[in-house]
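Shared chain: chain A. Partners: chain B in the first complex, chain C in the second.
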Partner chain A sequence: MWECPSGHDRVTCRARKGAPTVAETMTYAFLILSVITLLGALLAVLLRNLVHCVLSLILFFLGVAGHYFLLRADFLAAVQILIYIGAVAVLILFAIMLTRNVTGTEGPREVFGMKWWSGGVIAAALAAGVLRAVINDPVSQAGSSAQANSSVAEIGKALVGHWVVPFEAMAVLLTAALIGAVVIALEEVMRRR
Partner chain B sequence: MSLALGHYLALSAILFAIGLAGALTRRNAILVLIGIEIMFNAAILNLVAFWHFKWHAILTAQMFAIFAVTIAAAESAVGLALVIAIYRHYRSVDVDEMKALRG
Partner chain C sequence: MESLYQVLRDCSWFAKLPDGLLFWISVLVPIGLIVAVYPAIFAYTTLIERKALGRIQNRIGPNRVGRWGILQPLADGAKLLTKEDIVPRAADRFVHGLAPVIAVIPSLLLFAVVPVGARLVPVDLNIGILFVFAISTGSVLALFMGGWASRNKFSLLGAMRAVAQVVSYEVPMVLAAVVVVMAAGSLSTVAIAEAQGGGILNISNWYVFRPWGFVGFVLFLIGAMAESARTPFDIPEAESEIIAGYHTEYSGFKFALFQLGEYLAAIAMAGITATMFLGGYNGPGSDLKYIGPVVGVFWFFAKLMSLIFVIIWIRGTWPRIRVDQLMGFAWKVLLPMSVVNIFAAAVYHFLNPKPLAWVVTAVGLLVAWVILSKVGAPNAIEKRVYRYAS
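Let's look at the complex of A and B:
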């Protein structure tokens, strides 16, 4: 039941009496975000035009970021937008422009061919198996808790405190990946000279 | 109906299956990478859901999620560099045409 917080006048409160509870609002937000996420993922996989695929992928990334906000992982939501939409999606767009003509459509393919069916059946079998396990397992019943909260300051302290070794390993990995990506992409050019 | 962990687990399972179907069925190497990104995101969403609903007192799940995002970014950078190198060599990014290592 909605309780009148101090500082609100009675009219605002009465108007809010019929408003949905926090749990209901979370459920609605979850449903809307899930539709966005699933639509983005499906279009990214099914569309013919590669650029359209990346745009749907950005929609999917945005939906996942919204889910992180709903789950109160604010820092991860910001990271999701910065890294995935800001870096990965743009990187994929550049790769498409470097490998295809700018329109970037895939060549003709046999729709509902052998590969399409086998891939679809494998994915559907996996989804059915995992969904069955999720429905039967009691851990699925765990409800949302209002205490779940994380501040950026806490995460920062943990990163340079308890998690400092994996943090440094990540730094080395990113440097290695950067150098490796440049070496792989440049190899042919160097050979030509 | 109030939100439970099972909703997020089901959503992640469906997203993972969509990503897997994309990675298995598409012929363009860039679209295979897009499928892999979708699978990555589904797995990370699972981690964050477990953090929110079960273990919100400790930050371990969020740390794993942050490291997984970092690795996914490095993976996509190297993967796309490979795609560009393959395109320079074969003039194509069709994974069905890359048969040099076929036994």
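Let's look at the complex of A and C:
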């Protein structure tokens, strides 16, 4: 890889005169990804047609996956796409198909209804709380030079080593959800017979 | 791409060019090759399919356009390009137009992690197999969008059945791939292909020759055929049942894009199957010093075309599965089998000596299959009850 003659490290060195450093490129990428993510999130609540809202929510999920890639958590990014877009978004689409007001032509016409300011106040309060928690967290105060060791092997070892009790609890929860889904479907089948 | 960049930098003729140009060359050459080679394979796969189906059905396929129908794909492409693009008046124009594009993009992205030869992979991701599954869930969305936006009851029905089928068959497919990841110790497709090198004639280490690998191969192939909605799983586009399912209201180039996406997904999945179970580019002569990589490329494409032929063969000979039989088969037969397969692979990994492990796991998998076919399958595949006919 590139060896800098002046002894810079890989993040701050310019590969040649006029080229952006890795840090600058990451900043541009972060800005573009943030615009896409925020656009997806805004459109998901502002659009009138519900299916269009879900599609922009999918754009939002893709933006979040991009942010995970930027943070070098590639396993998490791939799992985000697999689970959120492949399962959660499909579930939301199925649920939307069962509602009636999909095209947005019935019901209240305005997106900014009568009490939109109360929603804004609650959102601002939540945002302030989350920002405070994130800024005071020791991981974020360590700065961007902290390297995450998040290879798949490490995640696997952590899941069955240090975090084995939450892992097993999640497995029990998922089994319960699966059995519940089968029971609900079974009632329908019994009722139909 | 990275290895191409290194090779260009080391070669004295190219090293004189500026660094940025080398970077762009090393990025655009693999992309250009993918865009040139794989749609060409798609075009001739459609021809091979029609000829092969024709022979299976005791007739000759297309033979009018050029000798043996060689120019038929060009004629098909020209026809679809010049057809009128009809969009139903009540359809959602934006989503209707977006669906074919979203059908093609995941299928093209899948080719980025398929190793065509030794060190000849466009992107060497260390989460290669996970990337494959994450991207293939994107094509589910295209099915749904196409069916919904057409504002057509048959399209919507086709879309719902298609999404249910694809999501159900993803689970045994992923679990069948887990076995290979366990054996190779890495999610990267390059590492999986390399782990199957060596052995007698570079063949005996292929995972398909282990019992758990063979079962995994069959499961993965069934899952791949269901993912790309090929017969016997072509409920989404069952021509005799729901007209054309989710792509009823598409004509001209948008229909061509749907076909492109579907066939490219099938070809990419065949490539991934060849990499995971059939040893990728490994074959006799692929470890020779100078022509080894070329021989490897030949072996990879030979395996790819054989798998495509098997998929076409199955399409021509087996009938379509009913939709409730399809779901029952996925959840009650394939899923338990793939879980048992994971156990078998773990047992094989830890038992020494290997011949004993081979026999033990083969016997275990056979027993599991017999039990499942006696217990699971009759429950899954119920006989049709004709209420008014008896």
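We take it that the second predicted complex is superposed on the first by the 129 of 193 C-alpha atoms of A that agree within 3 Å, B and C clash if a C-alpha of one lies under 4 Å from a C-alpha of the other, contacts with A are read in each partner's own complex, and residues count from 1 in each chain.
One rule holds for everything that comes next: a contact is a pair of C-beta atoms (placed from the backbone, for glycine too) under 8 Å apart; a residue touches a chain by one contact, two chains touch by 3 or more.
Source: prediction; values computed, not measured.
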item: First (chain B), second (chain C), both or neither touched by A:I122; value: first
item: Chain B versus chain C as contact partner of A:I81, first or second or both or neither; value: second
item: Touching partner for A:I32 - first (chain B), second (chain C), both, neither; value: neither
item: Greater residue coverage of chain A in the superposed arrangement, chain B or chain C; value: B
item: Which of chain B and chain C A:H52 touches, first, second, both or neither; value: second
item: Which superposed partner A:A23 touches (first chain B, second chain C, both, neither); value: first
item: Touched partner set for A:S151, first chain B, second chain C, both or neither; value: second
item: Chain B versus chain C as contact partner of A:M97, first or second or both or neither; value: second
item: Residues of chain A that lie at the interface with chain B and also at the interface with chain C; value: 75, 79, 87, 94
item: Chain A-facing residues of chain C, complex; value: 18-20, 92, 94-95, 98, 125-127, 130-131, 133-135, 137-138, 140-141, 144-145, 148-149, 156, 160, 163, 167, 170, 187
item: Chain C partner contacts - residues on chain A that touch it in the complex; value: 15-16, 19, 49, 51-52, 55, 58, 74-75, 78-79, 81-82, 85-87, 89-90, 93-94, 97, 151-152
item: Chain B-facing residues of chain A, complex; value: 23-24, 26-27, 30, 34, 37-38, 41-42, 44-45, 50, 53-54, 57, 60-61, 64, 67-68, 71-73, 75-76, 79-80, 83-84, 87-88, 91-92, 94-96, 98-100, 106-107, 109, 115-116, 118-120, 122-124, 126-127, 130-131, 134-135, 137, 139-145, 147-150, 154-155, 158-159, 163, 166, 170, 173-174, 177-178, 180-182, 184-185, 187-188
item: Chain B residues within the chain A interface of the complex; value: 1-11, 13-22, 24-28, 30-31, 33-35, 37-38, 41, 44-45, 48-49, 51-54, 56-57, 59, 62-63, 65-67, 69-78, 80-85, 87-89, 93-94
